[in-house]
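Heads up, the next two complexes both have chain A, just with different partners, chain B and then chain C.
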Partner chain A sequence: MDATWTALLLSLKVAGSATAISLVTGVALGFLLARARFPGRELLDTVMTLPMVLPPTVLGYYLLVLLGSRSGFGRWLSETFGIRLIFTWQGAAIAAAVVTFPLVFKSARAAFETVDAQLEQAARVLGTSELAIFFRVTLPLAWRGIMAGVLLAFARALGEFGATLMVAGSIPGKTQTLSVAVYEAVQAGQDELANMLVLVTSAVCIVLLLSAGRLAPGRIAHQS
Partner chain B sequence: MSIVSRQLLVSLGFMALSCSVAAAELTVSAAASLTNAFKDIAQQYEARYPQTKVLLNFGASGALLQQMAKGAPVDVFASADQETMDRAVKEKLVASGDRRDFVRNSLVLIVPTDSKRTMTKLEDLNRPDVQKVAIGVPASVPVGRYTQQALEAANLWTAMQPKTVNTQNVRQSLDYVARGEVDAGFVYGTDAAVMKDKVRVAFTVPLKAVISYPIAKTASTANAQEAARFIDYVMSADGQAVLARYGFLKP
Partner chain C sequence: MHLDIDIRKTLRSGKRTFYLDVRFRSTSQRIVLLGASGSGKSLTLKAIAGLVRPDAGHVKLDDTTLFDAAAGIDLKPQSRNVAYVFQDYALFPHLSVRQNIAFGLKRGLFNPRARDHHEVVDYWLEAFRLEATAHQLPGELSGGQRQRVALARALIARPTALLLDEPFAALDPELRRVMRSELDVLQRRLQVPMVLITHDPADAEIFGENVLRMRDGRILDEAADDTNLAAMPAIQPSTDALQCRAW
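After this line comes the complex of A and B, so read on.
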C-alpha cells in the first residue's frame, strides 16, 4: 500500500509539472499559429505535433542524448547550476512535457481558431490593449477547448512510460512513477502489487477522461 | 482476369507461402549477459543444422521467468543464477532433472573510462564523491541479487540505498556507466569486456556465492528433441569455446 501511494504521489507531481509546462508553451504557440500567418506555418505545426506520433522510446533517446551528462547542454547545466536532469523527477517531468505538448498545442490552436475574430475587433475598436484582449476576450472564449486538451495531457503524462524510464530511470520515491512501478512489479512476479497499481491508475484516468469529455467545445454540459 | 482465376491465384499463393515454413523454430530465452555469446552460438548452430531457426529472447532472468509463467512459448531457458531456475522448477515450468550448469561468471564494479576516481574496495563507494551507482533490481535481476549479497556481507547495503539507481537488467547498468550517467555500476565481468572502450573495471567484487548459470529445456516445449540438441551444443566444445571467447568461465 505504501509503495502504491508513493508512486501515485510521484506520478501526480511529475504529471502536474509536465502539464503546467505544456499548458504555458502549448497555449502560447497555439495562439501564435492560430493568429499569425507566415510561410512554413503548417510545417512548424507538423514539427510540433511530432512528439505525439514518435515512439516514446525514440523521444527518450533524444532526451538522453540532448540532456545527458555527456551532452553540451547537460554539461552546461551541471557546471553552471549544478543541475543534473537524468534520474531526477524533473527529468521525468521534462520527458512527459515533451510528450504531452502536442495535445495542448493542437487543442489550443483549434480553440483559438473558433473564437470569432469580430469579437476581438470590437474590443480593439473600443480601445482595449492587445494583452487585455487576450486575457479578457480570447482566452475566456477558448478555455473550454484548452482545458479539454490540458486534461488529456495530464492523463497522458500520468501514463508516460517509455521516455520516462530512459531519462529518469526507476528510483523508488524519486522517479518510480505508477507506470514504471507496474512494469517492475510484473517483472518481479509481484502480481498483487501490480493489480493494485493498475487499479489506481485506471481509476484516476477514467475520472480525468470523463472530465475532459464534459469540457469539449460544443458539448452541452447539462442535458436537462 | 476472371474472378475464378484470380481466386485460384490467391489460394495458390497462400499455399506456396505456408509450404516454405517447414523449418523447425526454437525459442531461447536467455539472460541479458548472454546476448553476444548466444547470438554467435545461434549463428553457428543454424549453420550446422540449417533446418532450424533459433529465435533469441534476452532480458533479466526474472522478467524472462514471468513471461514463461504467463504462457510465453519458450523452448530453452538460460538463467544467470540458480535462484531463478529454482523458481522455474517450483512453478513447474522446468523439470528439475533437465537443468545443467553451463558457465560461471564474476561480479565486477565498473566506472566510465574517463572517470578520475580510483576505487579498490566496496567501502570506497561510501565516499561523498560517489553519488550514483547502478544496481539491478534484486527482485528480478540476478546481478542485483549478487550485488545485494556482496554489499550486505560488507554491511553497506543500507548505506548504498540513497545512491542506488535501479536498472531492469545488467545491460542497462552497463549502458548507464558507459554514458557517464552514473559514477559506477555492478555488472558481470563478461559485460565489462563488451564495452572495453567506454568502461573499465575498478575491481572484482568479493562474493561468497559462486555465479553459476543453469540452462534447461522447458516443460511445455513442443520441440523437446530440438531443445535438447541445442543445449548439448551449448555444452559441447564448440559452444563452450564461444562462451570462453566472451570471458565466461568454465561451469
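After this line comes the complex of A and C, so read on.
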C-alpha cells in the first residue's frame, strides 16, 4: 500500500514539474510561432513537434547523452552548479517535460492563432503596452485552448515510461513513478501491487480527461 | 484639427500589387474618405493610427509629427493619442461592457476588475445609455449597443482625433439611420475631430464637411480642400457596385 502512494506522489511531483516546464516554454514558443514571421518558422515547428512522434526511448537516449557526465553540457552542469540529473527525479521531470512539450506547444500555437489580431490592435491604439496586451487580451482569450493542452500534457507525463526509465532509472521511492512501478511489479510477479497501481493510475487519468473535456475549445461560450 | 498626410506604400499579395499614394491636407473637423472597398481608405486610416507603416512620406496631426519616413519618426500606436473604432468594433469578448470602456484608463498588466467603479466610466455608461448592460459581455449586446461601447471606449481617453472605419456597415438600415444621427450629435457636442471612412455616400452626406473620394489607392480630388458636397454627384460611380453588395 505504501509503495503505491509513494509512487503516486512521486508521479504527481514529476508530472507537475514537467507540466510547469512545458507550460512556460510551450506558451512562449507557441506565441512566437503564432505571431512572428521569420524564415524557417515551419521547420522550427516540425522540430518542436518531433518529441511527439519519436519513440520515448530514443528521446531518453538523446537526453542521457546530453545530460550525462560524458557530455560537455552535463559536465558543465555538474561542475558549475553541482547539478546531476541522471538517476534523479528532476531528471525524470525533464524527460517528461520534453515528451509533453509538443502537446502544450501545439495547442498554445493553435489557441493564439484563433485570437483576432484586431483585438490586439485595438488595445495598442488604447495605449496598452505590448507586454500588457499579451497578459490582458491575448493570453485570456487563448487560455482555455492552452489549458486543454496542459491537462493532456499532465496526463501524458503521468504515463511517461520510456524516456523516464532511460534517464532516471527505477529507484523505488526516488525515481520509480507509477508507470515504472507497474512494470516492475508485474516483472516481479506481485499481482496484488500491480492491480492496485493500475487502478490508481486509471482513476487519476479518468479525472484528468474529464477535466480536459470541459475545457475543450468548442465549449467557449463567450468568444463571438 | 490640422491633418497633413502624404504617404506611399506598396502591398504585394501573390501576383497582385497595390500602390497606395495618398496626399491631402485638411483643417476640417469632419473628414470623410469615400471609396469602394479596396480603394485604400482603410490602409490610410490605419496609417494615421500607426497600425500600418507607410514606405515613405509623412503623417502630421496638429503640431505632432506621427510619422516621417525621411526623419525616421514613427510614433507607436500607443503614443499617438488617437482613437480608433473598428468596423466590427473589436470589443474584448472576455471583458464586460464596463471593463471594455475602462480598458484604456487602466495601466499595468491586469485588466480593470469587474467590480471597479470609476466616475469617468459611469459618465460614459450613462451618456450612451449603457448602464443596464454594464455587466454584460459584448456577445450579449445588440449591434447598436456594441457600437456605443466601442465609441465610449475610444472617447474616454480624450483623443485628439476619432478615427472611424465603416462605423455603420455592420448595422441594419434602420439602426444605421439612428446611429448616424447619434454620432452626428455626439461629434458636435464633444467637438472631437473625426476622420470617417465609408463606401456609403449617405454617410458622406451627413458627416462630410470635407469629403475626399478615393479610388485605386489615390485621392481623386486632392486639391479640393473644401469640397462642397452639393457640387458632387450624389452617388460616385466607384461605390455603386459595393452598395449592391452591402445591401
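The rule is simple: the second predicted complex is superposed on the first by the 219 of 224 C-alpha atoms of A that agree within 3 Å, B and C clash if a C-alpha of one lies under 4 Å from a C-alpha of the other, contacts with A are read in each partner's own complex, and residues count from 1 in each chain.
Basically, contacts are C-beta pairs under 8 Å (C-beta built on N, C-alpha and C of every residue); 3 or more make two chains touch, one makes a residue touch a chain.
If you're wondering where the values come from, they're calculated on a predicted model, not measured in any experiment.
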Margin query: Both complexes share chain A, so when I overlay them there, do chain B and chain C fit or clash?
Written below: fit
Notebook entry, point to check: Put chain A at the vertex: what angle do the Cα centres of chain B and chain C make there, to the nearest 10 degrees?
Noted result: 160
Next item on the list: Go through the superposed model and pick first if A:Ile86 touches only chain B, second if only chain C, both, or neither.
Entry: first
Margin query: Which partner chains sit in contact with A:Pro140 here, chain B, chain C, both or neither? Use first/second/both/neither.
Written below: second
Margin query: Taking the superposition on A as described, I'd like to know which of chain B and chain C A:Leu131 touches: first, second, both or neither.
Written below: second
Check: Should A:Arg70 be classified as contacting the first partner (chain B), the second (chain C), both, or neither?
Finding: first
Notebook entry, point to check: Which partner does A:Leu119 contact after superposing on A: first (chain B), second (chain C), both, neither?
Noted result: second
Check: So, does A:Trp5 touch the first partner chain B, the second partner chain C, both, or neither?
Finding: neither
Notebook entry, point to check: For the overlay built on chain A, what is the smallest gap between any CA atom of chain B and any CA atom of chain C, in Å?
Noted result: 46
Item checked: chain B residues within the chain A interface of the complex -> 60, 62-63, 65-66, 69, 87, 132, 137, 139-140, 164-168, 176, 179-182
Checklist line | Residues of chain A defined as touching chain B within the complex | finding: 64, 68-70, 86-87, 165, 169-172, 176, 183-184, 186-190
Notebook entry, point to check: Which of the residues in chain A end up touching chain C in this complex?
Noted result: 116, 118-119, 121-129, 131-132, 135-137, 140-141, 221-224
Checklist line | Parts of chain C lying in touch with chain A, wherever the complex brings them together | finding: 49-51, 76-84, 86, 88, 90, 92-94, 103-104, 107-111, 137-139, 153-154, 157
